[in-house]
Amino acid sequence: MATLETVAFVLLATLAVVSALMVVFHRSPVISALSLAFNLVSIAGFYLFLNAQFIALLQVIVYAGAIMVLVLFVIMLLSITTEQGLHRSGRVQRVAAPLLSAACAGVLVFAVARGSEGEAFVVSSADFGTVRQVGLELFSTYFYAFEAISLLLVVAMIGAVLLAKKRL
Amino acid sequence: MAPQSMLILSALLFAIGVFGVLWNRGAITILMCVELMLNAANLAFITFARQFDQADGQIYVFFIMTLAAAEAAVGLAIVIALFRLRESTDVDELNLLKW
Amino acid sequence: MELEPLLISFAKIFVVSQVLMVGVALMTWVERRLSAIIQYRVGPNRVGPFGLLQPIADGIKFVMKDETLPEGSHKPLFVLAPAIAFVTALCAFSVVPFGPVVEIFGRSVDLVILDLDGGMLFALAATGLGVYGIVCAGWASRSKYALMGGLRASAQMVSYELALSLAAIGVFLANGTLRPTVIVEMQAGWFLNWNVFGGFQMLGFLLFMIAGYAETNRLPFDLPEAESELVSGYHTEYSSMKFSMFFMSEYIAMITMSALTVTLYLGGYNPGFPTGDLSGWALWGLQIGSFVAKVGCLLFLYVWVRWTLPRFRYDQLMHLGWKRLFPLALFNLVVTALLVAFDVIKA
Amino acid sequence: MLKLIWLIPLLPVVGVILNGLFGRRLPLKIVGTIACTTVLLAFGLSVGAVMNLAALPENARHFETDVATWLPLGEMVTGSELNIAWGFGLDPLSAVLLLVVTGVGLLIHIYSVGYMQHERDYARFFTYLNLFMAMMLLLVLGNNLLVLFVGWEGVGLCSYLLIGFYYDQPFDKRTGLSCADAGRKAFIVNRIGDFAFLIGMLYLALEFGTLKFSELNVALAGHHTPGWLLTGIGVLLFFGACGKSAQIPLFVWLPDAMAGPTPVSALIHAATMVTAGVYMVCRMSALYAGTPEAMAVIAAVGAGTALFAATMGITATDIKKVLAYSTVSQLGFMFAAVGVGAYVAAIFHLMTHAFFKALLFLGAGSVIHGLHGQQDIRKMGGLRAKMPQTFLTFFIAMLAIAGIPGLAGFFSKDEILAGAWNGNKIVWGVLSFAALITAFYMMRLTWLVFFGKYRGDEKTWSKAHESPALMTVPLMVLAGLSIAGGYIGVPAVMSGWVGLGDVNILHHWLAPAITEAGGHGAAAAHGAAAAHDAGMETMLILIATVVAVLGLALAWMMYRKDGVAATWAKRFGPVHTMLRNLYWVDEFYELVILRPFYAISRVFAGFDRWIVDGLVNATGVTADIGGQVLKYFQTGLVRNYALMFLFGVLVILYYVVRAVAV
C-alpha cells in the first residue's frame, strides 16, 4: 500500500507547496488568503496521515474556519487590492530576500538530511492522536500551560478590541 | 512516506513563508506568511510526535494554534488601526522609527 | 487495501447524496406550499399532484437557463464558489449516523458514512468551511451587493460558529465523547434519555438551534442575502445551475443542521421508547424512520420560523451572537461541567 | 535570664525598625514612647541578667552563648580552626558597662523626649539613638573581638549620623566647619584608629587562632609569642581605642562632635561610646599584662591627654566644648589608670564619669534649651535664679568631677591617683596637675553660667525658663548617682576610718574579669586593699582634696569679679592665645597631613581624570562612533529587520546543525 500513500503524499505535497507559493506571489490578497486556507486544509490532510486526527480537525476549524475567515473579512473590509512588491525596502532586499530564503531552505533541508530520523515511522499505539489521548495529556501534563494560554487569548482579545475600536 | 520527506516538506513551506515575509509589503500578506511559517513548524511537530510516538508534539501544535489565533486577532486589529491612519497597509510606509 | 469496504463506502455516499438531493427537492416544494398556507395563498399546485413535480420543473429550468459570467469577475473563483458551498454542506452530513448497524446481504453495515473519533468536530469543520463558498462568491462577483453579502456572511458565521460549538460541547461533556455514533447509542431507550432531557441540555439545544439558523443563513438571520438591502446578497450575480447549487447547498445545510441537532439532542435514530422485542429490519426501519421523522419536524420548524419572524438588523445580529448566545453557551457549559463533576449526569 | 542576653541588643533594633519605617507618620508621643520603651526593656533585661550573674559563685561569674555561626573560616594557615560566631557574653566587666549603658541610656532617652520636642526630624533622631543603643550593647555584650568590632563600627556610624544631625547647619565659625563636616571629621578620624584596630585584630587572630575573649585569655596565659609582636598588637589596638576615645593624637574630632544635639553629646560623646576604648583595653587586660611597653605607651598617652585637654578647657567659650575637653581629659585619666595597671580604677572612673559627665551635658542641654539655643558662656550668667533645679544638679556634678570628697568623682579619681602613685610618680604628677586644672575650669564654667550677672540680651533672659520635668527628673536621678555612685568603690583606707572593713564592692566584683600584670601595677591595683602603706594613701587623699579645693578657689577668685580673668589672660598673652587656638593642633594636622594628602590626591585625581576616565570615555566614544555607523541599519523598514534577523538565525542554525553529530 506504500505506493498509494506515496501518491497521496506527493499529490498533497504538491498542492501544499503550490498553494504556499500562491500565498506569497499572488497579486490579490484575497486569492492569497484563499490559497493559504487551502494550504492549511492540505496540511490538515498531512496531520491525518500522521495519526493526528484531533489536531487535523482543529486545524480546519480554527485555522481555516476562523482565522482565515477573519483575515478575509479584514481584506474585504479594507478593500485591499495589492500587497506585492518591495516599495522602499530597496535593492539589498531584492537580492538578499531570495538568497536568504533559499539559504534557509538549504540549512533546514541540510539539518533534516543530517538528522537521524528513520526511514519509516514507528508503529504507534491505537489511540494515538485521538481526542481522549490529547485531552488527557493537555489537562494533566500541560494543565498550567493550558491555563496560561487561555489567559493569553483573553489578553489578545482585549488588545484587539482596544486597537480596532474607533472610540471606546 | 518517511519522516524525512515530511520534514523536508515542512522546511520548504517554512522557507516559502520566510520569503513571503521578506518579499511582500502588505501587512496582511506578511501576517499570512507568518501563519504559513507557523504551520510549517506545526507540521514538523506533528511529524516528530508521530515519529517518537509522543503526544507532546500535538500539544505544542495545539498551543501554537492558539498563539496563531491570538496573533491574528491582534495583528489584524493593528492593521485596521493602521489603515485608519494611513489608508494603506504598506509596511514600508511605516518607517518613522529610524535614524 | 480491500475493495469491499471501499465499495460499501461508495454505496453509502451515493445513496445518502441522492437521498439528500431528493430531500432538497422535496423541501423546496414543502417550503413553498407551507409558506403559501401561512400566507393564505395557494402555492405551486399545477405541476403534478399538489404541485409535487414543481421542483423537477424548476431544476429543468435552471439547467436550461443561460450562464452569465459578470464582467470583471474573478472567473475561477466565481465558478468554484458554488461548488465549495455545495460540497462542504454535503460533507458535514457524512458523520451523521442515520441508522444503526444493519445487515445487508449478510454484511453488517453501519449507517454512517464516516465513523470518526472526532466526528462532531468534522461536522463543525465542514460547516465552518461552508463560509468560503459564500465569501468567494461575494468577492469573485465584483459587485458591491455580493461583496457586502460575503462580508456579512463571514462575520456572521464566525460569530455564530462559536455559540454553536460551545453549545455542542455541552453534549460532548454529558456523553463524554465526540463520536456521533456513540452519542446516539447513549441516548437509546426512553426519550427521557435524549440529551435534551437526560443530559440537561435544553438550553444547549435552544442555543444550538438558534446558532444553527444563523449558520445556515436562514431567516431571521439571512443577512448575507437580504433581498431588501442587498438584492440577493452574495449570489446576486449568479444564475442558472450555479445559482441552483447555492440554493441546494442552503437546503442541504438545513437538512444537515437538523440532522446534527437530532443526533446531538434528540436521540438520533432512536425512536424514543424501548424497542425490546423488535429486531431485524423492523427495528432498523423504525429507527431510520424515526430519524427521518425528527429531521422532518425540525425542517418544518425551519420553514415555520422563516415565515414568522422578521429579519434582524446587522448590529442586532452581532449583539445577539456575542452578548446573548455566547455567554449563555458558556453558562450552559459551566453548568453541564458541574453536573458531570457531581455525577448528576452519568457520562 | 542570662540565656536571653542576645535579646538585649535586639530590643532597640525593634525601635529602629518601627521608628525608621513608620516614625514620620506617627505622632511624636508614640515615637518617643517606642524609643524609651525598647531601652527600658533592655535595661530591665540587663538588670535581670546581671542579678542572675551576681547570684553565681564568684569564680563562675561568666556566661557565654553563641547564637549563630557567622564566619566559618575553618582551618587557618597556622593550623588552628577559626570559626567566628555571633556570640554574646556576660561577665562582671561587661555587666558594669551594660548597666551604665542601659541605665544612663534610658535616662538620656527620657530626657531627649523633652529636649527634642521642638526639633525637627524627631523620629529620625530616635531611630539613630536606638540604633546607637543596639550597637553599643552589641559592643559591650560581644564575646569575641569581631562582634565587638561590629558594635564598635556601628556606634561610630551612629555617632557620625548624630553629629551631622543638623546636616545643613554651620557649626564652628573659627574653622568654618558645618555640622555635616563635623560628622565627617569624626568618622574619618575614627576610621584611622579603626584601621589600626583591624590590623591588630587580624594579627591576634593569626597568632592565637581565635578572637573569643575567654579563649584569648587562656591562650595569652601560656603564650610563646615574641614580645615585640605582643607590644605591636597592643599598641595597634590601643591606637584604635585612641580614635574611639579621643586620645592624643586622634582627639580632634570630639570637640567638633558637639555639633550634634546635646543628649547625643551626653550619651555618646561622654557617657558611653567614647569609653568603649577603655572598656576594650580592660577587656584585653590579658594581652596588656604581657606587654609592659604597650602599657607604658597607654599611660603616657593617657596622662598627656588628661593634661593637654584640660588646659584647652580653660579658654573654651562654648559650654559644650568645655565639657568636651573635659571629657577628653577624663578619658585621659582612665587610660592613664589602665596604663599603670589600675584597671578597676579605670572602670570605676568610667562609671562615675558616665554619671556626672552625662549630668553635666544634660544640664548644659537644659541651659541651652532654656536659652533657646545659646551656647556661648560669655553670654550667660546668673542663671541660678532662673533654673534652680538645673543649677543644683549641675553644681553637684561640678563638685563631683572636681573631686570634692564624698562625691562619686572623688573616690574614682582618688583611686586612679593612688594607682598612678604606685605605678609611676611622673604620671601621678601630671594627673594631679590635670585634676587641679579640671577643678579650675569646671568652677569657671559654673560661675560664668550660673553666677554673676547675665551678659546676654534682655529678650532671651526674659524668656529663659526652667526645663520641663521630663528633662529635670533625669537630671536629678543622675545627680543622685553622682553623689552615691562612688560608694561602691570606697578605698579600704577610708572605710577603715569609720570602722568598716573592706567594703570595696567593685573591686571584688571586677576581680575575676581582669588579668593583672605580674608584679608591675599589681600593687597599684590592690593599692587600697593591700593597705601596705596606709599613711601614704591618706596623704594622697589629702593632696587630691587640696588640689580640688585649690582649683575651685582659683577659679572663684578669677571670675568672681569681671575683668580679673581678662587681666590674667593678658599677663599670659601667648599662652592664652595658644590655648584659645587649641595649640593649633587642627592647623598642624592640616599642614602636616592634609596638605600633602591633598597634593597626592590631586596627582591621583589627575590620573583618574585623564587615564582612567580617558579609557572609559574612549569606550563611550567608540560606542558612539559605532552607533553613528550602525544606525544606518535602522532603516525603519520592518522587512529589512526581518532580513537581518533571518541572517543571524541562519548563521546560528547552521552552526548548531553542524555541531550535531550525525
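Annotations
Every chain is named by a letter (A, B, C and D) in the order it is written, and numbering of its residues begins at 1.
One rule holds in what follows: a residue touches a chain if its C-beta (ideal position, glycine included) is under 8 Å from a C-beta of that chain, and two chains touch if they have at least 3 such contacts.
Note that the structure is predicted; figures quoted are calculated from it, not measured.
Excluding subunit A, the assembly's touch network divides into B, D | C.
Here the chain-to-chain distance from subunit C to subunit D, counted in touching steps, is 2.
Distances from each chain's CA mean to the overall CA mean are smallest for chain B. Interface comparison, A-B versus A-C: the higher count of C-beta contacts falls to A-B. Averaged C-alpha coordinates give centres for subunit A and subunit B that are 7 Å from one another.
Here the spacing of subunit A and subunit C, counted between their Cα centres, is 28 Å.
Averaged C-alpha coordinates give centres for subunit A and subunit D that are 78 Å from one another.
Taking each chain's centre as the mean of its C-alpha atoms, subunit B lies 33 Å from subunit C. Contact of a single residue of subunit A with at least two other chains is seen at positions 54, 58, 66, 70, 77, 86, 88-89, 93, 96-97, 100-101, 104, 108, 111.
Shown for subunit C are the residues that touch two or more other chains, of which there are none.
In subunit B, the residues that touch at least two other chains are 18, 22, 25, 92, 95. The list of touching chain pairs reads A-B, A-C, A-D, B-D.
Listed in rising order, the residues of subunit B touching subunit D in the complex are 18, 21-22, 25, 30, 91-92, 94-99. Within the complex formed with subunit A, the subunit B residues making contact are 1-20, 22-29, 31-33, 35-36, 39, 42-43, 46-47, 49-53, 55-56, 58-59, 61-63, 65-74, 76-81, 83-84, 89-90, 92-93, 95. Of all residues in subunit A, those touching subunit D in their complex are 86, 88-90, 92-93, 96-97, 100-101, 103-104, 107-108, 110-111, 114, 116. Interface residues of subunit A facing subunit C in the complex, by the touch rule stated above, are 1, 4, 28, 30-31, 34, 37, 41, 53-54, 57-58, 60-61, 64-66, 69-70, 72-73, 76-77, 130-132. Contact residues on subunit A toward subunit B in their complex (touch as defined above): 2, 5-6, 9, 13, 16-17, 20-21, 23-24, 29, 32-33, 36, 39-40, 43, 46-47, 49-52, 54-55, 58-59, 62-63, 66-67, 70-71, 74-75, 77-78, 80, 82-89, 93, 96-98, 100-102, 104-105, 108-109, 111-113, 115, 117-122, 124-125, 128-129, 133-134, 137-138, 141-142, 145, 149, 152-153, 155-157, 159-164, 166.
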